[in-house]
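Lettered A, B, C, D, E and F in written order, each chain numbered from 1.
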Amino acid sequence: MIYITRRERFNAAHKLYNENWSKEKNDEVFGKCANANWHGHNFDLIVTVKGEVDPDTGFVMNLKDLSQIIKDEVIEKVDHKNLNLDVDFMLGKFPSTEVLAMEFWKILAPLIEAEGAQLHYIKLIETENNYVEYYGE
Amino acid sequence: MIYITRRERFNAAHKLYNENWSKEKNDEVFGKCANANWHGHNFDLIVTVKGEVDPDTGFVMNLKDLSQIIKDEVIEKVDHKNLNLDVDFMLGKFPSTEVLAMEFWKILAPLIEAEGAQLHYIKLIETENNYVEYYGE
Amino acid sequence: MIYITRRERFNAAHKLYNENWSKEKNDEVFGKCANANWHGHNFDLIVTVKGEVDPDTGFVMNLKDLSQIIKDEVIEKVDHKNLNLDVDFMLGKFPSTEVLAMEFWKILAPLIEAEGAQLHYIKLIETENNYVEYYGE
Amino acid sequence: MIYITRRERFNAAHKLYNENWSKEKNDEVFGKCANANWHGHNFDLIVTVKGEVDPDTGFVMNLKDLSQIIKDEVIEKVDHKNLNLDVDFMLGKFPSTEVLAMEFWKILAPLIEAEGAQLHYIKLIETENNYVEYYGE
Amino acid sequence: MIYITRRERFNAAHKLYNENWSKEKNDEVFGKCANANWHGHNFDLIVTVKGEVDPDTGFVMNLKDLSQIIKDEVIEKVDHKNLNLDVDFMLGKFPSTEVLAMEFWKILAPLIEAEGAQLHYIKLIETENNYVEYYGE
Amino acid sequence: MIYITRRERFNAAHKLYNENWSKEKNDEVFGKCANANWHGHNFDLIVTVKGEVDPDTGFVMNLKDLSQIIKDEVIEKVDHKNLNLDVDFMLGKFPSTEVLAMEFWKILAPLIEAEGAQLHYIKLIETENNYVEYYGE
């Protein structure tokens, strides 16, 4: 068992605002992240896949294919978008980094399994000081 | 003459959209950056000041003071904001990285001069692949 | 279960010198790190917390709170300090990166538990080539 | 149990080309990596060792010794080399990052064990977007 | 006058070997870089363009266009190539980082001028410790 | 004319304390940097040399030689040292980053000139947010 990783990047806007709460409570909990007119980030998405090495290629999985899956199914949908408004799989969900990472998992896990490998880990880096990691459970 | 530099960071939303143009022309020129519902970035702001070294402190200028000026006069106004809508000194201006850097210069140059040093250079990093530099003219 | 991480930074002096050994033995084992008049580092402290996502906030734990705890209880005590002389919880202990990481764990684990989350991992980066990781046992 | 890590670096040429396949099949699977006249990378090799902390040194293992072992037994053999042609332990093996990481493990694990610690993890970074991790099984 | 910069990356093999010299002299001058079977690097290419800001776009030059020019005219020709053997504009030239940077300048300067801007600066990063800069004269 | 750069690193302790001032004044001006028992940093030293390219080597100056000069004449004297107490060329001088950069210039400029090249620029990075640059005048 060996682990291979691909990084892809996207730039998006979002805000953290619970509609069931008052503006005061939102400001208290989310601080500047509740700004009504949005703010944004450069996100780094790190995807780790595990599996056995194929003796013909020396690969667990072709990183070109992994990169293409991540770009087609995730990056294309979130890059230069508003995570609260523009992303079909996030509608009605709270666009925290945690929830994003878990939704990315749901999309990527079956597609990677279809390639004969297994999604092991997702890391979503929001700033150089903050990131989230998810192992699927 | 020696040069000292301070980095500060902010996260903001913006879009690049010329209201005098059709949506088609905006999409053609600005591509994904014209997305109606905004996108965003982690910006790194690099500010370089030049001057002579003060023999009492070994400093051109106290970096604590430089940091405070940048935070109070720039970061506070753009961090977790929408650069098209929320920032007084950007209203009616086009929120490209180039224009932002030039507006930051106008704010910071006189404040740094008041401290006995001279603003030399501003660098505004939008992504790990794109940045703008300005020397004030 | 999801993992969130906060990075904080501090700059400190230390030396590695076992008082029970001769100067020769210290020089042999610790090399330049035994320099009598100290040396120092920019340390990066990485703290990972795990828990369930709160449906009201989308958060495992508010990163503002995590950052504040790390700053108040660790950074404040070690930043711009001498790790051999100035830090109450290090007195009588050997200021290697390993021991520091384990002491930081003792301080942070109960405070994070009091916030309803669980300390998962501490990484202490001493140089771009050397770091230590600790999972609490 | 605590984990310490050392990073070392090397620059090498390689190509990915399966001699049992046609040129067309190689181009299809390996793309630009199959270029007949080689290409190359700056590789970062990350080696993590685990063990108990020695009370006399505060160390799991002396990082000077770990660094020396990695340099003598791995870096010396692959730095500024052709991974397909010049490296004794890679002859007849496929020089993918996955296979390299596993071969490095075979070399390093017994040498680290002889120092009283245990090899835990190898990470081999090929580009800023691609890396491989191995835990020895 | 403002400066905008685009980073692109490529991975290539090369060797430093003066055919007019003995193997001994080559080894003495170029050390490991003279390895007969090549070695390689991840190169970062930084291209800075200067000009006035266009009031319609807020841009000196569209970074999408700058990126495309760099990719089409430079990256495409050197990425996953052997800089001694595979690159038309390097044939008969010495593939040091210095010479590469100067050749990239010759290619890019007229193409950027045709876009109404001016090439200001090229930086070619060979390793995290070594780079070359060129201003065209 | 082309510019080549070498990065070297060192770890050192220092404090900023003007002996002609009261403790209160030192604390006010230098803040945490005045800590009596020192603090420290990982410093990055960036040295840029300019000259013409030698047609036999493709080099302005052999980076192996540049690296060796920097290591022998600067790094050896400051690495794992106390910049206030241990460094001959800093005795009686104020160990700010500015003064260090200027002293490094005095040492390196004639040695690089003796190699047929010219020292162009020194950058001394103290933290990821703070650095100093010097061009020799």
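Here, a residue touches a chain if its C-beta (ideal position, glycine included) is under 8 Å from a C-beta of that chain, and two chains touch if they have at least 3 such contacts.
Model, not experiment: these values are computed from the prediction.
**Q** Taking each chain's centre as the mean of its CA atoms, which one is most distant from subunit D?
**A** For subunit D, the chain whose C-alpha mean is farthest off is B.
**Q** Measuring centre to centre, with centres taken as mean CA positions, what chain is farthest from subunit F?
**A** Between subunit F and the rest, the longest centre separation is with A.
**Q** Interface overlap for subunit C and subunit D, more than half of numbers shared or less than half: same or different?
**A** At the contact between subunit C and subunit D, which are copies of one sequence, the residues are largely different (under half shared).
**Q** CA centre of subunit A versus CA centre of subunit D: separation in Å?
**A** Taking the average C-alpha coordinate of subunit A and of subunit D, the gap between them is 29 Å.
**Q** What's the distance between the Cα centroids of subunit B and subunit C, rounded to whole Å?
**A** Distance between chain centres, rounded to whole Å: 33 Å.
**Q** What whole-Å value do you get for the distance between subunit B and subunit D if each is reduced to the mean of its CA atoms?
**A** 41
**Q** Where in subunit F do residues touch two or more other chains at once?
**A** 128
**Q** Of all possible chain pairs, which ones touch?
**A** By the stated definition, chains touch in these pairs: A-B, A-C, A-D, B-E, B-F, C-D, C-F, D-E, E-F.
**Q** Enumerate the contact residues on subunit E facing subunit B in the complex.
**A** These residues of subunit E touch subunit B: 1-8, 48, 53, 55-60, 62-64, 67.
**Q** Give the list of subunit A residues in touch with subunit B in this complex.
**A** 9, 11-14, 32-33, 35, 37-42, 79-82, 85-86, 127-128
**Q** Which residues, counting only subunit D, touch subunit A once they are in their complex?
**A** 16, 18, 20-21, 29-31, 94-99, 101-102, 128-135, 137
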